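One structure is given here, and the rest of the page talks about it.
The first chain written gets the first letter, and so on, giving A, B, C and D; residue counts start at 1 in each chain.
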Amino acid sequence: MALLQTHNLNKHFGGLHVTADVSFSLEPGKIHCLIGPNGAGKSTFFRLLLGEHQPSSGTIVFDGQDITRLKSFQRINRGMSVKFQVPGIFGALSAQQNLQIALQHRLDSLDLNAEVERLLDFLQLREVADQQAGNLSHGLKQWLEIGMAISLKPKLLLLDEPTAGMSPEETFMTGEIVKQLNAQGMTVLAVEHDMAFVRQVADRVSVLHFGRIFAEGTIDEIVADERVAAIYLGQSHD
Amino acid sequence: MTVTWLQAGTLACALALSGTAFAADPIKIGVLEDQSGDFAAATIGKVHAIELATEEINKAGGIAGRQIELVVYDTQSDNNRYQEFMRRVLQRDKVDVVFAGFSSASREAYRPIVNQFDGLAFYNNQYEGGVCDANMIVTGAVPEQQFSTLIPWMMEKYGKRVYTIAADYNFGQISAEWVRNIVKENGGEMVGEEFIPLGVSQFSQTIQNIQTAKPGFVVTLLVGAAQASYYEQAASANLGLPMASSVNVGQGYEHKRFTPPSLANMYVTTNYIEEVDTPASKAFLEKFHAKFPNEPYVNQEAANSYIAMNLYKQMVERANGSTKREDLRKVLAQGDVCFDGPSGNVCLDPKSQHMSHTIFLAKVGDGHSISFPKVWDNIKPYWLGDAGCDLTKADPDAQYTPSNPPSKQ
Amino acid sequence: MEFVTAIVSSAYQFGDAFAFLVLSACGLAVIFGMMGVINLAHGEFIMCGAYMTVFAVNWGLPLPLAILCGSLFAGLVGMIIERVVVRRLYARPLDSILATWGVSLIASQGTLILFGPTMRGVGTPLGSFMVGALSFSYYRLVLIATALAVLLLLYLVFNKTRFGVLARATIQAPHMANALGVDTNRVYAFTFGIGAALAGLTGGIYAPTMTMIPTMGTTFIMEAFVTVVVGGADVFLGTAPAAALLAVVKASLTSWQGQLAGQIGLLLAVILVIRLLPKGITGFILKDRA
Amino acid sequence: MGRGPAFWSAFVVVLAFALAYPLFADGYDVGNNIYFLNWTFMALGLSLIWGYGGSLSFGQTAFFGVAGYSYGILTINFGTAYGFGLLSVLIAIAIAALFAAVLGYFLFFGRISGIFLGIVTLSVTLALERFMAQTAGPQWTIGSARLNGFNGMSGMPPLTLPWFGGEISLYPDIGLYYLVLCLLVVVYLGLRILVNSKFGNILVALRENPQRAEMLGYDIRKYQLGGFVIGAALAGLSGVLYTSWGQYITPSNMSITAAALPIIWVAVGGRSDITATLIGTLVVLSAFQALTIYGSQYALVVMGLLLVFTVLLAPKGLIANAGILLGSLLDRKNGGK
């Protein structure tokens, strides 16, 4: 059974249809990437999944339950988690405190400290544990936020352009982290531009275009699809 | 009056005497008045009047041979400041007496503290009446003094249909109650009564309500700068009705500040304004302007403050130099603590510790000139005593109103 | 005839209340809506415009020119304050509340020190007219016309002029506007100046009807905030309907039960709006777009 | 700030000084300091709501006033016998907290935040002031307590404690000083524990990034409301203490000036730390009073300038910025890092 399923999901602002009849299904245990040119509706689709926008029509089913009308935090508590494109961290607090706040929702004090230590090591944040998160380098902020997102032990991890602004080395590292998480049983849905990253991690790829699912398949199938190449080429001509 | 000329004549003598006066400890008088903030316009003159009286008294040898030392704080029209500074003057500066307060709210703010420290305070302000508290002496006029004179006179002249607009707070509510009762006693009819929240400055609707009710005259008991906008707006809508007031002119000298003819045809009962045309008043005004040439106006509260200083001097001297509150109240209880001041002869009433007044009916003319169609001598603050407040017997520390009088034993 | 009188009277009262609300709020709404700054010195800008108007009349200027003079002066003062204080605080909108509060303390007490506790005003011009048994002030009609003119002018300035478009762009995406070569600092300064000038205009045009004291601006503050709360963040969408709604409430209750009822009605309207439309009327209108 | 041994030794020194203070101060200073201490609770509450939680509220004085009036109404009607004086303190604070809960429910569950929250709370406060100011008429009584409009309510007893064989009335003197000081220490330590607890962490988190906090599964509205109500209860405590201190409360305690004052204290001191808030509040209160005593008509101008300069030059607050400066100096002495 699919972990996440949307049925005819629509969202329009005034007369503008940002997503149109998106029916999408996500298999558990997979890493699924969502690609598409700018303005294809990827961000809006993510916001709909997270409950930051209410859909104009359609339903979202997560883990066998209809979550269309649930508030964001309720969805999170049912096993979703997200890492934003612009790192969503608590800038005035230390990296360690950031992780604590993320973890304390699930754990009490004793287990919590052990888990914070484990995550600091896993994400190679040990050195900067006491620094203000707002002062970390961009890459470290991204990893810190991934750490916060996985603190919840989610069934589904949503990643919004996790490698934006990263160097190729950092991007590769991030890919390895994502794969490790997936190996631990986490399903991953990532919006990504970086095709190297997609190739590195994705089990399956969907292409969103003009608010619709335009194509879906493995990375090789998608790359081979001429229509997909056309829309990306068309984009680059603009 | 003779006293003041004598004082002027014997200035040199007084200066010589003052050498000995310095030997004794000074008498400290705390002054808490609003020299900034909303009420500053009407109260700066009070401080000046106190300073004038102090200078005169000190030149004449002080009180019972002791010089007066003023301890002045600016209370910024802020009730909290009254609380802070009342404690300060009583506890830190250890003053013998305090002259304090413009608004009734500020008086109510400091009164519990005066009671806690068992001090003595003069409230030199016209107000809504009813304070029955042995720690307070009130020299301002109260409603029975201003309305028992004003309203019957107006009804005789302008008919029995009366419309009241009053500020919606204690002063306005209680004054309106007085007007209502007096109108009824004199066989008149209240054709309208409207209470205006403080801070309201727009009166179109009120003006129309008055026009519809067709009264003979309007009693305006408006308070504060915002509400004073009524007059300008009523004039511009050509309301054209005579007005009766206990609060304008005498306190905020609106006839000097507003453009004529917005206040024309207003009748005010006041216990003093600088236009009062008696030799005592003129002498007082001359002294005032000699010391404070830029004073915009000398209002009734300034006169009351000046009178209060002289009453206090008299009481202390008659108590053989004691500044203890109980000694002073024994003098007061004799019932003849009187003073010939700028407004004529005034006396303190032992039962209520309020003051009798000469009440002047001031009429504002078209060009905002003042005339006095009528003067009533020796109007007593009778209500508290009649209602059952007798401070010579008991001290309830309370404020009463006609609808909430002292409970009679 | 009585029917006509009643109609005229109601319209006049509604217009009067509407004008007061619009004129009280517009300066505050421009600065709040466009810049996200709560200007606690709003009342002092009103006072500033009023004082300048009275000075100008005393120098011999005719009243309309004097009011213009008051408005421009307040706008100028506003731009100076924006330059010296507010500009440094755009990243910290909450701190700008404190700074403008400080400015307001300085302004009202400074005025008291400089010009004394009170000043003689100028009389209300134009006289009155009769409908049936009631007489009305012509000047009140001028106030109503001014309120409408201000709303129209604001709409034109911010929607039809180059400055307005730049201003809206700057406010929505300052970095973008900057990258496009817009002098965002100047846009902010002018916007703040316009807000202050509107407050000054309000002060100037109400000056002949009011008592001149340094704290005169405070009588406008409550109405201004109430209108902005009910209106929501967008000046153009929110302020006018909010003022209209509140004016109906206020005028009808005042004529029915007196001034107090009018005031309480205003407050109840605010509480209801907070409950039903937490983002104000703007939020209601924009609901579908958000 | 506030976890090391240096902090705690400083805390003990300050506390010892505060305890010994009445031994060498005169009655006026003791009473005046009670007055200052009375306000600190409201400031600490605002520090929690604004400094930690990031919601600027102008509503503190509204809760202050509600609690003050409630205390007056309760004690005037029922007296202080059998410990009711103390009970009415608690009830008054509870009423303020309840009011805050209802208001906060509308605000936070209506997702009002940021600067708009400031405007709405200010409007509510001003509305309450206008309402109370027009209760002068004889119809506005609750039991035997007259609300008494603009002139304010008076005649309530001072703080009264039940005691063996009688009760003690605490006028502004040494007894009340120790009681208020003791309350302050309890509240301060309680708040320290709170802000370092999970709850406090989440408050700070939602100040820093409400979206992230929500996406960690926290119902941020509940935490905002929780902080708001706790802060309001502290404002209520200030209200009760103030009312019993001066046996008086007026609507102008809820005026726009009064509503801005706590924000000034907290901002000038430093809002994001309760220690800075506490010191700042006491410093600003005494500085403003001193200015009024010695600065005559220029006092308000100087206050305004102080505010503007603080905001421009020491954005984190004077006390907090001084702390940072001190910290960096010490670091440099120790060779830095």
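Worth pointing out:
FYI, contacts are C-beta pairs under 8 Å (C-beta built on N, C-alpha and C of every residue); 3 or more make two chains touch, one makes a residue touch a chain.
All values derive from a computational prediction rather than experimental measurement.
Most remote chain with respect to subunit D, judged by CA-atom centres, is A. Comparing chain C-alpha centroids with the centroid of the full set of protein C-alpha atoms picks out D as the closest. Chain centres here are Cα means. That of subunit C falls 32 Å from that of subunit D. For this pair, subunit A with subunit B, the centres built from the Cα atoms lie 75 Å apart. Inter-chain spacing, taken between the CA centroids of subunit B and subunit C, is 38 Å. Averaging Cα coordinates per chain places subunit A and subunit D 43 Å apart. For subunit D, residues touching at least two other chains, in rising order: 130, 134, 297, 300.
None of the residues of subunit A touches two or more other chains. Of all residues in subunit C, those touching 2 or more other chains are 109, 112, 218, 222, 260, 263, listed in ascending order.
Of all the residues in subunit B, the ones that touch subunit C in their complex are 36-38, 40-41, 44, 168, 194-197, 199-202, 204-206, 208-209, 211-212, 225-226, 228-229, 232-233, 235-239, 252, 256-260, 262, 296. Residue ranges of subunit B in contact with subunit D, taken from their complex: 35-36, 73-74, 76, 78-81, 83-85, 87-88, 91-92, 103-105, 108-109, 111-113, 116, 168-170, 172-174, 195, 197-199, 398, 401, 403-404.
Looking at the complex, you find that subunit C touches subunit B at residues 9, 12-13, 16-17, 20, 109, 112, 116-124, 126-128, 133-140, 208-213, 215-216, 218-219, 222, 251, 254-255, 258-260, 262-263. Those residues of subunit C that touch subunit D in the complex are listed here as 32, 36-38, 40, 85, 88-89, 92-99, 101-110, 112-113, 218, 221-222, 225-226, 228-229, 233, 260, 263-264, 267, 270-271, 274-275, 278-279. Subunit A meets subunit D in the complex at residues 50, 52, 71-73, 76-77, 81-82, 84, 88-93, 97, 100-102, 104-105, 145, 148, 151-152.
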